[in-house]
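Each of the two complexes below includes subunit A, the first together with subunit B, the second together with subunit C.
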Partner chain A sequence: MSSLATPEKISMVDAALDHDARSEDGGRRLGLALTLPAQVLVLFIAVFPLLMQLYISLTDWSPLDGIGWWQAHELWNGFANYTDLMADGRFWSALGRTALVMLVCVPAEFLLGLGLAILFMDDFAGKRVFYSIMLIPMMVVPAVAGYMFFMLFQSGGPVNDILSGLTGMNVSIAWLSDPTTALVAVMIADIWQWTPLMFLILLAGLVGVPEDQVRAATLLGASWWQRFRTIVLPKMKTIIIIALAIRVIENFKIFDTLYIMTGGGPGVATETISVYIYKVTQQDLIWGYVAAIALVILVALSILVSLAISRMNAGKEA
Partner chain B sequence: MNRSLPFEIFRYSVITLALAITLIPTLWMASMAFKPIAEWSAAGADLTWWPKNPTLDNFRFIFGTSTSDLIVALDRTAGKPILSSLLSAVFGTLIAMGCGTAAAYGLSRFGSGQNLPLALIQLRLFPPMAVMIPVMIMWAFLGMVDSWWGLALIYGIVTLPFAFWLMKTFFDDMPREIEDAALVEGCSRGRVFLKITLPMMRPALASSALFVFILNWSDYLIALLLTTREWVTIPVYMASLSSSMTGQLYGAKAALGLIAAVPPVIMGIAIQRHLVRGLTFGALKQ
Partner chain C sequence: MTAIRLENLVKRFGAFTALKTMDLEIRNGEFMALLGPSGCGKSTTMNMIAGMESPSEGRILFDDKDMNGVAMGRRGVGFVFQNYAIFTHMNVHDNLAYGLRVRKLPESEVDSRVKAIAEFLQLTPLLKQPSAKLSVNILQRLAIGRSAIVEPAIFLLDEPLSNVDAAFRAVMRTELKHLQRQFRQTMVYVTHDQLEAMTMADRIAVMDHGVLQQVGTPLEVYNNPANLFVAGFIGSPGMNLLKGSLADSDRGLVVNLGEMGRSQPLDPELVSAVRQSGSREVVYGFRPERVSLSGTAEGMPLPVTFVERIGARTVVHLGAGEQRVKAVFDNDAAVESGSTVSIAIEPASVRLFDAGTGIAIRGT
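And now, the complex of A and B:
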């Protein structure tokens, strides 16, 4: 080997290393330049607004007061917004309702999506077309989906028509005017729109399960259910967690479809947390109070998420 | 799996049912859009699944051509809201894709901006409603309320996490040999990115951009808060197509809804190969 290390070769290697070092440095500078715009946007939308929100939440400021937000300290009220919030029944019931919608919709979407995904695991005639059609609901603009379901659930609309046909009776439920059925209706709309997302993600996961293991288990005489429980489900664990996490996060924000269908009504029967904040923002215009609500939610969510992440990391190490 | 005949019958019946449930709401709206006023104004009394006398009156109506049946006058037509939706979604996509692609490359190749992945996921985590007060104040201060460019900027920020994560996984997947070869040839890193990497990434860029566009086009809440009159987007305008005077203009709303719903559905089906990657922030690839 040493006989090959002629002086010319050594100097070539040196030159190459030097070039590498120079371009390494250039790379770092280019990397910083490339990430700069995104960093600026994140700062612009995260740090400054958060401080502003904190400041306003300690005051009674409203855009109708005629003074700029920076002068809000003239309306300082300390932690009154936060203590008010603790006693605000409408806020807590909106939070409870949001949780209820989540507890019904996310599991329903998961089970329906998983069931459909299992049916789509192997090839059959028409699979590709059916697959594309299945994905349509989640691509429909949510506000438009809200309007679709608003029409469907009219008392003279197709839902009652189908129910009449099935039961043989004349069904004329005023779905959206009754507190209970209105909540059911908005849940159905959410399940209709987001089951395809579960289906899509879970199917991608199912297809990714190594086929040879499943085949080996089949040869060993394992039943379908045994194969599914002992091989497929454990391999799908991460994917299931991702799919559920996405839906839990998105479902918590629920607004568009629901607001168009019911406006949060009748009364406050379908008022979720986003609808509640929206109404206080637009109708009551007490922005100091809104800022306090929003901050409480942001902090609570951050704590929940960091807990979830640390638990997941603990699970990985165990 | 199982290949027996009873299983196939079971499979096709379940799928048929699922397809029916999937399609009925959309088809109902489509049918509504082509019904003449006599058929939709009596929506409570007389339900027909298909328009008996199909007409384009609803479309003519929202674009301001007067129709004989509808005496109601619109104070403005659907043209400007459609333009507003288009401009804000397109430029929002450009902002998100521009900043997202650059940052994703910076992180994927040079390890810059290690904080971005988590910061951007967090951005996505919070309900928009919980951060809108400062945004509304800032946008008012910058004179961007009720403008398509104001909407475009916030859309760009809101969808930046998707653009960044999608492009990051595409860059991570791309073999580096070609880039390395160009570097050895003496190309600067900036030139390699612009002249070699980006052109190679064209399909990935196109699918990511469509994905981001669908998200921007789908917004309702932000436009509801940040536009008031001049630049309202389609969904906000749609809600205004009902008043105490006229009641719900079912047919007109359905026509507009159909216009809003068709582009994202077509785009979504076109990029369905990448949907999983986009929706799971690149955690899962198909």
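And now, the complex of A and C:
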């Protein structure tokens, strides 16, 4: 073949390659032009606020100061907000409380959702009706859910009535007034509202598990639990990580239901990080400090989620 | 190594009967093909043997042991799925080891048995490979190895070659038959491809519409089809089947084939069989391969409607009125469509079927 490659032919090939390279260049330019509006938009909705936040977090600026945020450099205080934050006991306990809520709620939602999803893989009477009912909590406006649970957990409310009926004793727990039970009530509300989402995502994952591989495992003598552990769970790994990541992010920001139920109280007993930020913003109005808190949280969450995603990608390659 | 017996097996799905009273004996170490068109009940039969479905009536016996109510994981059935159902999230080694690990065998034994079977199936260099991107013949070997390692009593194969392209199928067929000989396992092979059944099976069970039509060796089924369905289904092209009625002539008993005229005199053996059966209206059958061009006036003159030259052979379509005949000649046969040729049918190859029942008329 090499004897056929005359200089003339080679130059033709070169020209063709050259043409390709040039058109590729042109394609790149066109691509840039076409995506530019979207990129500018992303810049404004993601990058610009982030930079603005970083800028304000380095100042002592508050809307009460009478100057625009862009003039905040007049109140420059360097990293004082961040050093204050490190010593802010209320911030750390809010963070710890948020982590506690997350560590209870997300696994509970996951296990309940997974269990329900497994039940829904089988056929039973009224499956469609139950399926619709299952999804209702997720669609209730969180503020409405907040009022609902606020009323349920009143000391003369239905929860105590049911407990009285079950135990035969006169139960009158002041759920939302006691620091411990208030936190429990808030967690129950969150689990009630968000288990359906877990259920829905995990059901999709279960349906996607190749049935013949499960059957093959059965024929090889694997028990239900062995099949679940060695076939179903590994196949669902990606979707489980996605489901957990969504709930971890969302749960970290838990606010509306909780705020309506307890307002973060009694005292600061149910004050999560979002409630704390809200109070500092609305009551104390030190926005420079708020910006610093929010930025720390954002960085922490980003690290958490990117760790989860890198685990997911590692799983894909294996 | 287990013999399988199916007794009065029936499977109904609601009002639909997928399988009607099936009786079949599969011998120890036999390669049995369940052959039939889609919806004939062959997969249903296999799923019941595996225990994935339970029979509506009847029994399945493995070496005289009733399998009713025995869970599919405890039957000792090796199942090779149509797409092999390899665990794609595991490597080759873990796929092979799966059946042993779920039995909680010590890891040292698992390892030695995996190594042994990998050596046997020539999978040793691939043990550490992820199984998601293996080629299809490796997948077949892996699927068989994964089932074989737990030493199942029987092997069931559900159309394992249907996803393979035609050129590769011949290779896979040879390999599969070879593996079966080495394992000396009872194998049940479901297929709609008669070529697979003919080339690999010791015996073939031909099925149609949930009814077992015939059980026999490939040659028996080919040479002596039990009824019109088997006659038309087996062979490519299938047997020529012409409606006619018996008539006496000065040369002996013949079949009057209407517009095609009269057949050549029937063989004495066939004459006595047909006299015993008492049938008058018959179907006259003969293989396209058993037709030759005849130079003499003895032959049956027929117009040629179409000529297919398929390389090794020439398939000639002949027709007179309602009757259609296919004949297979050499690749260089001098036949043109539009012309008329005179054909001779090998007398010993003629088969008769009762026109009413469709059942073969045979001497006993």
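Following the convention adopted for this analysis, the second predicted complex is superposed on the first by the 259 of 318 C-alpha atoms of A that agree within 3 Å, B and C clash if a C-alpha of one lies under 4 Å from a C-alpha of the other, contacts with A are read in each partner's own complex, and residues count from 1 in each chain.
In this section, a residue touches a chain if its C-beta (ideal position, glycine included) is under 8 Å from a C-beta of that chain, and two chains touch if they have at least 3 such contacts.
Keep in mind that what you see is a predicted model, and the values were worked out from it rather than measured.
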Partner chain in contact with A:201 - subunit B first, subunit C second, else both or neither: first
Which of subunit B and subunit C A:180 touches, first, second, both or neither: neither
Chain touching more of subunit A, residue-wise (subunit B, subunit C): B
Partner chain(s) touched by A:297 [first = subunit B, second = subunit C, both, neither]: first
Contacts of A:283 with subunit B and subunit C, given as first, second, both or neither: neither
Which of subunit B and subunit C A:167 touches, first, second, both or neither: neither
Touching partner for A:30 - first (subunit B), second (subunit C), both, neither: first
Touch list for subunit C against partner subunit A, complex: 50, 52, 72-74, 77-79, 81-83, 85-89, 98-99, 102-103, 130, 146-147, 150
Residues of subunit B that touch subunit A when the two form their complex: 1-2, 8, 11, 14-15, 18-19, 21-26, 28-29, 32, 43-45, 47, 49, 98-100, 102-103, 105-107, 109-113, 116, 119-120, 122-138, 156-157, 160, 164, 183, 188-190, 193, 214, 217-218, 220-221, 224-225, 234-235, 238-239, 250, 253-254, 257, 260-261, 264-265, 267-269, 272, 275-276, 279-280, 283-286
Touch list for subunit A against partner subunit C, complex: 210, 212-213, 215-223, 226, 230-231, 234-235, 318
Complex contacts: residues of subunit A adjacent to subunit B: 23, 26-28, 30-35, 37-39, 41-42, 44-46, 48-50, 52-53, 56, 63, 69, 115-116, 119, 121-122, 124, 130-145, 147-149, 151-152, 154-158, 161, 192, 196-197, 200-201, 204-205, 207, 224, 239, 242-243, 246, 249, 252-253, 255-256, 259-260, 273-274, 277-278, 281-282, 287, 290-291, 293-294, 297-298, 301-302, 305
